[in-house]
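All chains are identified by letter, namely A, B, C, D, E and F, in their written order; residue positions are counted from 1 within each chain.
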Amino acid sequence: MITRPFDEISVGDAWSGRGRTITETDVVSFCYLTGNWLEIHSNVEVAAATSYGQRLVQGSLTFSLIPGLVAWDHRYVVAFYGVDRLRFLRPVFIGDTVHPELRVVETTPKDDDRGVVALAVEVRNQRDEVVQAGVFKLLVRRGSLPLCDTAAAVGTTDPRTEGCTDG
Amino acid sequence: MITRPFDEISVGDAWSGRGRTITETDVVSFCYLTGNWLEIHSNVEVAAATSYGQRLVQGSLTFSLIPGLVAWDHRYVVAFYGVDRLRFLRPVFIGDTVHPELRVVETTPKDDDRGVVALAVEVRNQRDEVVQAGVFKLLVRRGSLPLCDTAAAVGTTDPRTEGCTDG
Amino acid sequence: MITRPFDEISVGDAWSGRGRTITETDVVSFCYLTGNWLEIHSNVEVAAATSYGQRLVQGSLTFSLIPGLVAWDHRYVVAFYGVDRLRFLRPVFIGDTVHPELRVVETTPKDDDRGVVALAVEVRNQRDEVVQAGVFKLLVRRGSLPLCDTAAAVGTTDPRTEGCTDG
Amino acid sequence: MITRPFDEISVGDAWSGRGRTITETDVVSFCYLTGNWLEIHSNVEVAAATSYGQRLVQGSLTFSLIPGLVAWDHRYVVAFYGVDRLRFLRPVFIGDTVHPELRVVETTPKDDDRGVVALAVEVRNQRDEVVQAGVFKLLVRRGSLPLCDTAAAVGTTDPRTEGCTDG
Amino acid sequence: MITRPFDEISVGDAWSGRGRTITETDVVSFCYLTGNWLEIHSNVEVAAATSYGQRLVQGSLTFSLIPGLVAWDHRYVVAFYGVDRLRFLRPVFIGDTVHPELRVVETTPKDDDRGVVALAVEVRNQRDEVVQAGVFKLLVRRGSLPLCDTAAAVGTTDPRTEGCTDG
Amino acid sequence: MITRPFDEISVGDAWSGRGRTITETDVVSFCYLTGNWLEIHSNVEVAAATSYGQRLVQGSLTFSLIPGLVAWDHRYVVAFYGVDRLRFLRPVFIGDTVHPELRVVETTPKDDDRGVVALAVEVRNQRDEVVQAGVFKLLVRRGSLPLCDTAAAVGTTDPRTEGCTDG
């Protein structure tokens, strides 16, 4: 996603993320973690009686998965500090496979060291329908980094960092 | 939270939610579920070298916990369909105890059956600092419901539904 | 469930709890947590060869779910201190949806501050069959509480506490 | 535990189980699984203000761990069908190490094939205090089994079954 | 598995382990724990387009399950210190039931107290196909132990230790 | 890790992976998942009495984490099919932070489409001690790929694929 300093990022830059199938295990684990057991997510009988006819994936689960489906280069991303106009647009069902698409919609210098990047995010399902949309606000570092200078340089597929080791 | 039909809800109505301590287990489980292993959340050595000096709780974890910390009466709440201007304002650390506070900031009739309720949400920690804020958008049913008419009437502490049983 | 002080509770008072579908994730997670991997719960081949023809949900899992399916008002419930004559009456299978029903069967004053409430608990499945039954013993506070006096007043749907906030 | 047919079991037979430290992960995972978030288990601030001064382990968690801490030979144990007079006697705290002790208190033939064995169970902590007690009711097979006749013969440390393989 | 001291173990001794069905919950939980989300394990659409036509169980998950499917007597097993020539031979799919088979292939005295036991391990599925094979290297104690001398004597089905209690 | 076709990989190529702190939650979750509850991993009292003085992280947990700590480009990695001479060299304790280092030690063409790459893997802790070592065997594709041709091109930090989208 953000793999360059702020000043090399332009409005219109775009990335797609990896796909992931949302399983029953994910939905149940999200009930576990959040303690939110609304029956539309957790009761097959109640869900069958709704217009959906089945359990829904939680909107905040789909939202929470987005950052893990893209590569973050935290040498550049200083902070993920907010979300604007997040909308849960279509139902997501157990077994759907979703992936995010991101596009830079605004870049605003903040100070000598950092700038704000606004990313329009869409989550699409296996039928290419947009199920969720919103705008992520990131604080991004200005100025490029020496290669191999931090642990952050490892564990990526960035060819510029191949050969970097810890010692 | 929303325990009345749309027309009985007014701007200024407010609720507080239950508190919950965010444990290391929660932070690690959220890394598990999301696949987002940014080292500020998952690497004690890296986190110790930052200005925070320790691992941070994920902003989207704190956000995801909110609905489970308040009581939802899904006889009235038709859908939680979006979030506006969500901001991660202060760091949350492992061991902090957070609770949400909610206040109605706008009510907009949508059609004969439903209206939109906008709730300003603040998450506060054990020092009463606001760590996260945003606006939740809910679709809420109009018109009151006969008591004891659905399974939804049970499992609450609403005294009006005491005595309701399934048979 | 218990949403009143001891002296306002009478034999015959009854409540029903929310329903929850017991998923494969729940059964496997309970094997995880307990370390009890009896093959009737964890081996599809062995289970298929029994008279049940499929894996069984653990009796102690169904039992453990009961308190989470009813609302507890811990301003009144001092302690859940025991269970009498718990019986696992019918098999529960993956995909079954269960809910508890509770009825006060005995109230015994203990001292000036507390009394014992015995609740007959039945867990019923989606075919309204009783799959588990027992008696829960609770210690309950006497005397009513001022509203809004504790954090416990929040996060419920009790209309008497609406408007209560932490500050 | 039960590693012999019904007719070779006598009142007074006794076993101890393996010890296990109950971790914060266990307590949080049990909140996850059960959806029961009583603040005495999940809110450090609320728990600190009680006479315990800290979070309590859930009584039903400790109960649920018992069967996983003893060896069950399911060639003999037909069913674990009930529990009598289960009492949560002392608080269990995060970090405590518990193990069960079991003693046969009653044997009742039921029919030609099976008998009922009642086991008095005590769970003890690292200070040898009894924290939980109750009586487990098991249905146990009569008549001994040929060795090596089922998959059940494997995966145990019973020396009589060493050498048993599946083919 | 190893339930005797080193000098009573001979090349050719063999054991089988308990079977376990590998569920979707197991595969997803292993993605959770490891942070390895290769799409062949986590994306139904991508997996459907491969020659397998479905998601694969992770080889290191199947490997990790082996020790939990056999009984270890840790009064004798000093350490599990290595694995030789581990091979993932056939795909394992969600719903397959696997069990391990182990055979002593080498015994090497190391010093007066301990010897090395090499165990050839095969994991077989419900069609008796070998899906994984390797050699486990264990360090095993020499000399027999007095019965009932340690907590390790309890919690097993070894009839020689029946009657052992902690006090 | 492997981010190039087989013929561009040479003996001596090296990568380091991301670091991760192994938490109590990880150790307990691995007991959960594997059902292996050896007391050196799960009983604080027993572990305190050993020469280590505390619980050990499971060797197979540390092994299982390796693939998730490096970036895999599955457009090139056809299969991870085996491990040679895996050795658990030093104890890993709860709270240790580990990362893997990988070095190509052998490349063997297999057919026109694929070759075998042998990677020497070392896992190091926060004191730069090698705690685990072994050799991973991978089957790697020959011939380069057109950019942007598959979903695999997205979700990486490889600058050559920036701008690739699904449509």
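Here is the rule we use: a contact is a pair of C-beta atoms (placed from the backbone, for glycine too) under 8 Å apart; a residue touches a chain by one contact, two chains touch by 3 or more.
Owing to the predicted nature of the structure, the values given are computational and were not obtained by experimental measurement.
Between chain D and chain F, the least number of touching-chain steps is 1.
Taking each chain's centre as the mean of its CA atoms, B is the chain most distant from chain E. Separating the CA-averaged centres of chain A and chain C is a span of 37 Å. Distance between chain C and chain F, defined via averaged C-alpha coordinates, is recorded as 43 Å. One inter-chain figure worth recording: chain C and chain D are separated by 20 Å, centre to centre, where each centre is the mean of the chain's CA atoms.
Of all residues in chain A, those touching 2 or more other chains are 18-20, 24-26, 29, 32-33, 35, 37, 39, 46, 68-69, 151, listed in ascending order. On the chain A side of its complex with chain D, the touching residues are 29, 31-33, 35, 37. Chain A makes touch with chain E in their complex at residues 18-21, 23-26, 29, 68, 95, 97, 126.
Only residues 24-25, 28-29, 32, 37, 39, 42-46 of chain C touch chain E when the two sit together in their complex.
Contact residues of chain D toward chain C in the complex are 20, 26, 29-30, 33-40, 46, 59-61, 63-65, 67-69, 72, 74, 79-88, 134, 151-152.
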